[in-house]
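There are structures below to look over.
You will see chain A twice below: alongside chain B first, and alongside chain C after that.
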Partner chain A sequence: MNRFWCFFFTGAAALAVLFCIVGSGPTYRWWFPGPSISPLGAQIDDLFYLILVITTVTFIGVNAILGYVLWKYGSGKPRRSDFSHGSHTLEVVSSIVTAGVLLFIALYQMDVWYRYRVKSTFDREAVAHPVAEVTARQFEWRIRYPGPGKTLEDTPQPTDLYTVNDLHVPSGKPVLIKLRSEDVLHSFFLPHLRIKQDAVPGLVIPVWFQADKTGIYDLVCAELCGWGHYKMRGQLTAEREDERQSYLKELSKTQFDDGVAEKEKSE
Partner chain B sequence: MRVQFVLPYLMVGLAALLSGCGQPPPATFVLNKKTDELIPEARATVVAALNENFGNPNQLVAWQKFPINYGAAQPESASTNRHEAGWRLKEGRNLYMRHCMHCHGVSGDGNGPTAKFLNPRPRDYRQGVFKFKSTLAPLKPATADLTRVLKEGIPGTYMPSFVLLGDETLGLIIDYVRWLSIRGEVEIQLYNEFAAAGALEKDVKRAVAESEPKAKRSQVVADLMKTIDEELAETIESRAADIAEAWVTADLPESVITPTDKRVRPTPASIERGRKLYLSQIEGKKTQCADCHGPAGRGDGPNTEQFWPIPGTTPERKYEIVGLHDEWQLPQKPRDLTRGTYRGGRRPVDIYRRIYAGIRGTQMPGFGGTVLKTDEEIWDLVNYVLSIPFDGKESASPGDVQADSKEEVASH
Partner chain C sequence: MSTINPTALTTHDHDAGHAHVHYEIGFVRKYIFSTDHKIIGVQFLMTTLLMLLVGGSLALCVRWQLAFPWREMPIIGRLLFSGQGGAISPEFYTMLFTMHATVMIFLVIIPILAGAFGNFLIPLQIGADDMAFPTLNMLSYWFMWPAIGLFGASFFVAGGAAAAGWTSYPTLSALPQAAPGSGAGQTLWLLAVTFIGFSSMMGSINYLTTIINMRAPGLTLFRMPMTIWGMFITAILQAFALPVLTAAGAMMICDRTLGTTFFIPGGLVVNNADPTIGGGQALLWQHLFWFYSHPAVYIMIVPAMGMVSDIISTFSRKPLFGYRPMVYSMAAIAGLGFIVWGHHMFISGMNPALGMTFMVSTMMIALPSAVKTFNWLGTMWGGNLQFTTPMLNAIAFVSMFVVGGLSGIFMAAVPVDIYIHDTYFIVAHFHYVLFGATLFGVFGAIHFWFPKMFGRMMNEPLGKLHFALTFIGFNVTFFPMHLLGVAGFPRRLADPYNYPYLEHLLPLNQVMTYGALLMGFAQLLIIGNFVYSIFRGKKVGRNPWNSNTLEWTAPSPPGHGNFDILPIVYRGPYEYASPLVEEDFLPQTKFLPTEDRHIDPNADPH
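Let's turn to the complex of A and B:
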């Protein structure tokens, strides 16, 4: 049992590091968030990786020191102990280094945070013309678009278009949605775009993002909102502006259907 | 030292053991409460008939009599599930159990584990009564109506949208829902038959008491069951045939309510005409909308302040709760029309159909062809209803679709 604990602890740490390295290989990509489809999302990923590197270096360093100590004093040979009342210098240095690292992260992320959350940095055009109002409710996403050529108002308008669970936005440009909740706290989560924003009853919260690649992405609820939380899923469809316009036109046609044309077809 | 090593293993082992236990009891179809009013012998006959023709949740029986696609065997299919006939029904059941059962219940009785927390309650399919449909008032819903309900959900209630499941999956679920509804209705019809034949507990008691000379209960029951059993096969066949036909009829094009005239443009004049109709201010057109929905459309008309009799009670009893009640004898408010939430859909044709045929299973009556004789009148009323959320000033209408889109694309 002499050096068992040394091998045990350094072994476990080494295994964890190894697993992460293997995990970042192509077969184990699920371990990592995957490529972001939005520019801001890519910056958020950069932050994530930066912090990952810092914590990895710290983790390896701490474990190396732990291993060294366990190795040195785990030989089982009897030796005289010495007494220490601590080292002032060591304490000051380690505090300053840690504080420095934290301060660095705090300052470094500010720019991304600012662009992510401060409304004055949002694209003017996107703020002036929100694409939709998304209302979270147990357990679905109700969506209200302004009618074609109209601007979204705070209150429902006669020309508004309604759908559920399928949010269509134009790709390749900043868009803004207004987020509401009808009942309890929910959270509007677009994992592929690294967007997560709580929906709070009584508040209208602007959320902006940009999907650079067309496609269909997950929209999920990220705030435990009741027993049906797990199935509160929707999808985000990012498509070219002209495709979106024809989608809206189709929606408008169905929504204002008076049933008469239907009959002509079936006859 | 030893103990410390053993402990983690023990805990992991224990956790593995525990997670394997606690299997839920097998799912069963529960009987309609009404069936319990029958004498045990007749009740057993109902149970046997249901078991034979519909099976149980783990062993479904695909009775070919009904217009339901049970799924023909596909021996070539890559999916082994499809090799046997009846695979669609089974798959529908699996999906139903996953997505719907916790509200609508295993038997489709609207009494799943979460149901008691919901208002309105999840639909009880067993009466075969559905609210939001395009077919004429007394008919079953068309398959397309059920699809629409599943895709859109029922806004303003807990019935969620399942649009992301896709058409094929929804088709499977809908066939299972129709099958459950048919099963429930067969049970109710058998109950009605047997009750009419005198197989209710109270009728048998009376028959025994009144018999001259005094007969034993066992004798009375034996006679009764003999007549029931003689006609049983035929009864089941004919009831099933009626139900099957009702579902076939619902899917015929002529069962759908289709306006002949196009929607009247929602001009202020049309909205005003609609408002007059709504308030029953037009001679000979007593719509009474305001009696239920209130003069301002808030769902607070005088009918909501009355105590209504319970239908089918002799002597007449009244509901203990004030206001309207639905077919399932639960209290129900007329819709607050100022909120702009339409459970059956917000298309003009949806509102048209609600006004034309009423809402089945509720006290909202139909007016088409009786009070409101022309399409124009109904459209005026539709225009008014759709304008209530906007203070009667304008009605939901398509935006000027042509003007916009080209510029919109060009400007970005």
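Let's turn to the complex of A and C:
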């Protein structure tokens, strides 16, 4: 019966590892929603995998030791324990090694964070010409684009274009949006780009990202914003610059169409 | 498990041995408004176990919605939501997870550790006859009830209970028009948390005073069991962190009722109401809240670490590996705990430079946790392991704490946290720490100290069955959450499958819900075992586990005033397998005339 508990604990750990391997595979796809389509996101993935390797090795190591201890010292055979109060040397050595690894992880990550959030590192062109202002409100994303040929101003302009839940950005270059909230906290989450930033009422937060692959991606609200939080779904369309321009033109046409001009022309 | 050390003295001797006069007290003073720390401890234990059932039921409702969204919920659906086909509403869902977390944190984990075991064990393990302030102690229990009442009542006010998450981030929580649950329910929630705060603060002052002033002769600080160190450090954390939460709660109540705007910026149009008037800052709440609630995370685990250290040493029949490093690492966790709160706010919009400093301090707090794990394994290494129910739960604590600790490294790394923040990865992490570690520690502690509480043993086979089922159910429920998090599955969504990239995760969620049901039903075993054993368990003497600490020298259960013989302490709490004695344990109170004060650790055991 004593051996049973050794198998119980080590078996659970082994199953956990097996579960990760099988679950993350192509059959179940319980893993990242595809490879990151942004360069910064790819770096975040790399950091994730680095930590995953370190933690997996630690996890297996600790469980191997636990399994050994339970096997060797839990056999149920009568024995008198070693009378030992610990080892100062072991304690110091293990602490220094652990501290080293942890510090390495912390310092190694700084750069990606720095480039993601510190404004002085942002692409100058993207900062000078933000593509849109995204205002989160219960339970939708309101998007304000500058009119064709204009630059986004802090305050709404008569030429601005508006949509809801449909953010179009040019692909293949860094873009910057200005993130605001009109009511409560929301969070601007682009899982396929590994981008997330809370929208805070009262603040305007610049967020930059770069979608290298054209396509339509989910825009998720990741911060509880009320009863309808779950349905605050938007989409990000990454497209070639010319496609985006024609989209904006189309948008402009619909928005400024008073329903009269066309009719008069046809008459 | 053999029972030695039968009661040497009868209760008659006990009464005669005391100089002060005992007067008869009535039932109400003895069992309800009691000032006896043991009764108060048991009151806390019973209450928190009851609340564990409430919190667990709320969790099962959450799991139902995640596995079978918008399908008729068994029993509850028909009673509450007959108008919508028995499916729960999204606003009710937000209430469910808010109140699940609230109940589990404020009414279960914190009071079961500090309230139940702190109360029961502190005087017994330090050789005192009661707490320093017995009446304050009684009040600390009774201040919990207004909180329970307010939380309960909040379900019945217009709009229902609080639904802004247990973190209650403004402006969702500060503006009544922001959500149904942000009406009167939120105000009641804030008041209830304030009551809990008072309760904890009274306990904290009491524990600090008692531990500092009332230790038995010879019980120096570094002879205290780890449980007492855990309680002591927790009490310090509470004393310094809690006022911040209480103040923040008061500010929020003012925002909600008196028209102040600490947390409300101006010009917000919420739910088409008139624009708000203000000049406050929503992020301020997050700083204040986490300044308390991050240390609170340690309040929720440090006492369990202490109890598990005691249990592991006892059932390894071996001294604790690295006693002082264990104490120092606990102190380090507590100290660093005050400078890591910002890691909850990496993507909140605070100054990014802060993110870097918080990342370094957060990584560093993993170090003392690693030291502790290392020492628990070191304690078992070379021991003579006895797989009793408390020991199994304690090993599970270590095993689950490893998972929770390692997953913490992912979120401490800011860039990775950008992606996994507010996903199920976080949910997995804190359940591994709070349930996997703390609650298994608590289950271990219940089985371990039950004989001291009631003078009877809990049923071992039933205890083991409960442990195995809970362990399996727990891991089936929570381990897959790591993968959900990596898949970008956000928390707190009533219907995550609304997003196409999450649709394929539904079957996995159904498996997890079955795991949760298994875990939920397994708790009936411990409740049955607990109640049955109070009346029918095997009677035991003072020291059924052959343990060293002071509480095992008192009668089981101890009478009023605890000790029939004043304990005098001669050594540390973990002298198992000492070469000085024949048996494999050496109680702290046992006087050895021949004792050499400098014990050679390399001495040949005989």
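We take it that the second predicted complex is superposed on the first by the 257 of 267 C-alpha atoms of A that agree within 3 Å, B and C clash if a C-alpha of one lies under 4 Å from a C-alpha of the other, contacts with A are read in each partner's own complex, and residues count from 1 in each chain.
Going forward, a contact is a pair of C-beta atoms (placed from the backbone, for glycine too) under 8 Å apart; a residue touches a chain by one contact, two chains touch by 3 or more.
Quick caveat, the model's predicted, so the values are computed rather than measured.
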Partner chain(s) touched by A:D212 [first = chain B, second = chain C, both, neither]: neither
Which superposed partner A:D166 touches (first chain B, second chain C, both, neither): first
Chain B versus chain C as contact partner of A:D123, first or second or both or neither: neither
Touched chain A residues, chain B compared with chain C: C
First, second, both or neither for A:P201, with chain B first and chain C second: second
Which superposed partner A:W227 touches (first chain B, second chain C, both, neither): both
Which superposed partner A:D242 touches (first chain B, second chain C, both, neither): first
Partner chain in contact with A:P158 - chain B first, chain C second, else both or neither: first
First, second, both or neither for A:V260, with chain B first and chain C second: first
Touching both chain B and chain C, residues of chain A: 138, 227-228, 231, 233
Footprint of chain B on chain A - complex, ascending: 125, 138-140, 142, 147-150, 156, 158-159, 162, 164-166, 170, 173, 227-228, 231, 233-235, 241-242, 245-246, 249, 252-260, 262-263, 266
Touch list for chain C against partner chain A, complex: 89-91, 94, 163-165, 169-172, 175, 178-181, 265-266, 268-271, 280-283, 316-323, 325, 347-349, 352-353, 355-356, 359-360, 363-364, 366-367, 370-371, 373-375, 377-378, 380-385, 387, 392, 395-396, 398-399, 402-403, 406-407, 409-410, 412-416, 418-419, 421-423, 468, 471, 475, 479-480, 482-484, 486-488, 490-496, 498-501, 504-505, 508, 574, 576-579, 584, 601, 603, 605
In the complex, chain B residues that touch chain A: 99, 114, 152-153, 155, 158, 160-161, 163-164, 253, 257-263, 340, 346-349, 352-353, 379, 386-387, 389-390, 394-401, 403-405, 407-409, 412
Sites on chain A touched by chain C in the complex: 1-2, 5, 8-9, 12-13, 16, 19-20, 23-24, 28-33, 41, 43-44, 47-48, 51-52, 54-55, 58-59, 62-63, 65-66, 69-70, 73-74, 78-87, 90-91, 94-95, 98-99, 102-103, 105-107, 109-110, 112-114, 116-118, 137-138, 182-185, 187, 189, 191-192, 194-198, 200-203, 205, 218, 220-231, 233
